[in-house]
């Protein structure tokens, strides 16, 4: 599978290795401009984070591999942006 | 039918083929600048996604064909932008 | 009657001809920059859409004719912008 | 009375003459850049509209005359901007 | 007392002289760029308005004199901006 | 103690000397670009104001001295920005 | 561990040394552009602050050391941005 411009992932991870390591490793992948990892829930042994990755022609397989090598699991892919331009979702009358 | 500048579609799809494949295939269509696919509901066998497609003189028939070839169905067309400029919907006193 | 810069219309239409056709036909009228049609309610035989049309010196009569030729009805004109500049409505203390 | 930069008026009008005519007539007044008329309530015989008029050194008397000649009444002047610059109202701690 | 860059005043005034006159007189004071007067409450004999005045090195005494000469009273000074730059208030964690 | 770029202070003050004097005196301190004072509560003898001060390498001691010389008290320092750039607080998933 | 572009930390600290000192010391670290410290809860002996630190290739170890030397504790790392560009988190359909 080829490349994407932005991915938003819902990820469950153990506390260790730390989210700092996860952010750093993801940001070092090829074709990646930057990574934002936000914590939204902490439990005794795990934490849920929302990962936003931006780049150009990014490989989902590489991203998934880094996440899983650190013992974490992708719960869902909440947003995918693909193509030549970074397209934002639009708020329509259906969302009001 | 000829072309559009932005379409927002409410689509029901099986889990496989994945949304990554759907995003990639849509972004490779002619006259398309980019695609945003956002997940808003997951069930056991299906998922509902909101697809925002931006381009110039896009063909709705081509888009529909890609979606249906991957086993998905367009529930509704939530927004259509056509013409020379990308027009946003306006919040009027009726929406407050 | 002469021209307007932006019109927001509340329109009731049958499912067919499709909103895609309505958007395309409106966008092809003279003096029109673009059209945004947002779906906000679907019933068994009809759908309610909010149409935002932007242009310069647009003819309301032409717009109305296209809408009615496709079997649709203008319920209300929710916003009108006329003049040399596109003026936005202002939120005053009365709206808070 | 001399001129203003922006006026927001709460106006009650009969359905006819239409708001389209009111918008057009106001936009044709001297020193007026543009007019936005938003519908916020419809009754059997009347409708309430919010009129935002922007210009430079506008005459309130002229505006009032156009509104009243079309059988409408100014309920209240919700906002007045006067001076060299268009000043927006500020949200203070008192508004939170 | 010397000058200010922006003042937001909560003012109680009789219906007459009108707010149009008040806006005009304030906008004609020295060192004033513009005035925004928003109506937020009407009673039988009085109305409450929020006055935003922007300028450079404005005199509060002059502003107060104009307001009181027209029979109005300053209830409170809701915001004062002074100095070389127009500073906006910041939303902190304490405001959430 | 050396300098800061922005400080947001929660201050309790007597009605006199007025907030106008406080704003003016703070704006005249060295290294200060401007001051915004917003009133958020009035009692019989005192008032609570939120003071936002922006500058470069500002001295907290000078600011505190001005405030206390006018009979006011700093209740809390709600926000501090220090460094080369003015950094805004970020809304994270924890704030939603 | 190497560098980050933005970190948002939830920190518990004693009242003394003051947050002013903490802000100043953090802003003086290498590779740091600026620091924003917002107070969100005060207790008798401690206070909770939200620290936003922006820079380039920042060292988390240095930041942690400054915080702990002043007797404070990092409760959680609420957001991490790493890579070449400062990536903001995206609001998806899952957040609505």
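Per-chain numbering from 1; labels A, B, C, D, E, F and G assigned in written order.
Following the convention adopted for this analysis, a residue touches a chain if its C-beta (ideal position, glycine included) is under 8 Å from a C-beta of that chain, and two chains touch if they have at least 3 such contacts.
All figures in this text were calculated on a predicted structure; none of them were measured in a lab.
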| item | value |
| --- | --- |
| For chain D and chain E, chains touching each | C, F |
| Rounded Å distance, chain B centre to chain G centre (Cα mean) | 39 |
| Whole-Å gap separating chain C and chain G, where each centre is the average of the chain's CA atoms | 49 |
| Gap in Å, rounded to a whole number, between the CA centres of chain B and chain A | 22 |
| Interface hub residues of chain G, defined as touching at least two other chains | 38-39, 50, 76, 78-79, 89, 92-94, 96 |
| Arrangement of touching chains [line / ring / star / complete / other] | other |
| Chains that touch, pairwise | A-B, A-C, A-F, A-G, B-C, B-D, B-G, C-D, C-E, D-E, D-F, E-F, E-G, F-G |
| Of chain D, residues touching chain C in the complex | 6, 8, 10, 18-21, 23-24, 26-27, 32-39, 42, 50, 52-54, 76, 78-79, 89, 95 |
| Residue ranges of chain E touching chain G (in the complex, touch as defined) | 92-94, 96 |
| Sites on chain B touched by chain G in the complex | 38-40, 50 |
| In the complex, chain E residues that touch chain F | 1-2, 4-5, 60, 76-90, 92-94, 96 |
